[in-house]
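Both complexes below contain chain A, partnered by chain B and then by chain C.
Coming up: the complex of A and B.
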């Protein structure tokens, strides 16, 4: 019973990941400027990679027929999901900051530039 | 989307599907031969074979056994290509001086914090890849290049000033690389020296006892197989590769005012 719950929960998380990847791909193609597209890519990284990786860990834990190696699989998936959660945001932050400070990427269309009010840093 | 783009998309998808079907049905030749060659069979049987120790490497990983035991001398010259090229890099830039306080603050606080989390993990993963080279895929070169990423990452995120200021200067890296190379060399001749002392025969790069040379390296550490020389080779190779690649990167990323003297010297030679 608990196995079934784990597998179903894992599959739900993987489906959420598919949705985020789809939205991220559309956003990467259709959004107007660099920063919004970067936002779409980050949604794809966190929602489309971290969440389904946790789902994979749950499915592996629930899949009884895989035997003891399923714990390695689950542990590796869980650890890499946490690492990616720490690193994906740092990477996109660095890219966005570099693009903002160098001024290479056009900022329009823009509603409010909070960073400009604070002096650009 | 106009008609032209739609046609292109459909034709690309159709080509991929047809190619996948052709390969899957074996149209471009067999995907993998169904029977192993005799050489492969002999390696698979002998790589870890405690019942026929004179042909075995006592390593659980066939690739590492071939690379550092069955063709160890070959690998040594292969790996010395890297070390010679690093000596070449250091020679081209001879006369440079590492300076502190040339500016460069690194990236923002968010990136620095995540890199601080990541740094020990990269080091541990690299060491683990290196010292498990005889058990799992990986080995000294792979682990060493893994660790070398650390200096690249630190110099980008924390700035080159931080790297040099924290003591990772090129002379120290050169010393670490030399320690690794001396380790590789002394591991390869360890049994020869022991054989001379004990008055028996032994080969260079010998790992386990062979016919006519009964000496062999220690193959078990407590309850773990070490693969004899393979553990030492992987360890020292990882040290040498990590320090060597870091040195090459450090020298190549020096600032202009640090290599001024080196450039002036080259003009003097002309």
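Coming up: the complex of A and C.
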């Protein structure tokens, strides 16, 4: 019984992750400039990568037909999901800061640039 | 036996949607007007490819691809940091 619960929960998480991944991809295409695309990319990276990995770990724990190596899969999936949760944000922040400071990305559709008043280069 | 049929049927439905979103990311990589746009698209493409490897390793019943998924996630993070460092200070930290 518990296996079925684990597998169903994992599959729900994986389908949520696929939905986030798809929405992030569409968002990355349709949003006007780099700074708005950051939102789509990070949503696609976290919802589309971390959540399915946790879901896969649950499915791996619940699916007995995979045999004993499924515990390596579950452990590695949990570890990489936690690692990804930290890394995806740090990488996106670093690239956003670099794009702002170097002025590489245009800031056209913008209402208010808070960094400019605070002396941002 | 029920669980195996459930898992394989659901995953065979989800995998094509993953592949479609990868193609959309590749469109942004090709179309991206500026360098940070391309980096952002490669960034989320790499992370979702790592997640795709992990999800696929259930369908293939072997935990080998999870390690490469983790390595890909680390590489994409390093890629971000290198390009951010280059854009900001024009040096790669040698």
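We take it that the second predicted complex is superposed on the first by the 120 of 121 C-alpha atoms of A that agree within 3 Å, B and C clash if a C-alpha of one lies under 4 Å from a C-alpha of the other, contacts with A are read in each partner's own complex, and residues count from 1 in each chain.
The rule is simple: contacts are C-beta pairs under 8 Å (C-beta built on N, C-alpha and C of every residue); 3 or more make two chains touch, one makes a residue touch a chain.
Predicted model only: the values in this text are computed from it and were never measured.
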Which superposed partner A:62 touches (first chain B, second chain C, both, neither): second
Contacts of A:41 with chain B and chain C, given as first, second, both or neither: second
Touched partner set for A:102, first chain B, second chain C, both or neither: second
First (chain B), second (chain C), both or neither touched by A:87: both
Chain B versus chain C, judged by how many residues of chain A each one touches: C
Chain B/chain C common contact set on chain A: 83, 87, 90-91, 94, 97
Of chain C, residues touching chain A in the complex: 1-4, 6-7, 10-11, 14, 17-18, 20-22, 24-25, 27-28, 31, 33-37, 39-41, 43-44, 47-48, 50-51, 54-55, 57-58, 61-63, 66-67, 69-70, 73-74, 76-77, 79-81, 83-88
Contact set on chain A toward chain B in their complex: 83, 86-87, 89-91, 93-94, 97
Complex interface listing, chain A residues touching chain C: 3-4, 7-8, 11, 14-15, 17-18, 21-22, 24-26, 28-29, 34, 37-38, 41-42, 44-45, 48-50, 52-53, 55-56, 59-60, 62-67, 69-70, 72-73, 76-77, 79-80, 83-84, 87-88, 90-92, 94-99, 101-102, 104-106
Residues of chain B that touch chain A when the two form their complex: 107-108, 110-111, 113-115, 117-118, 121
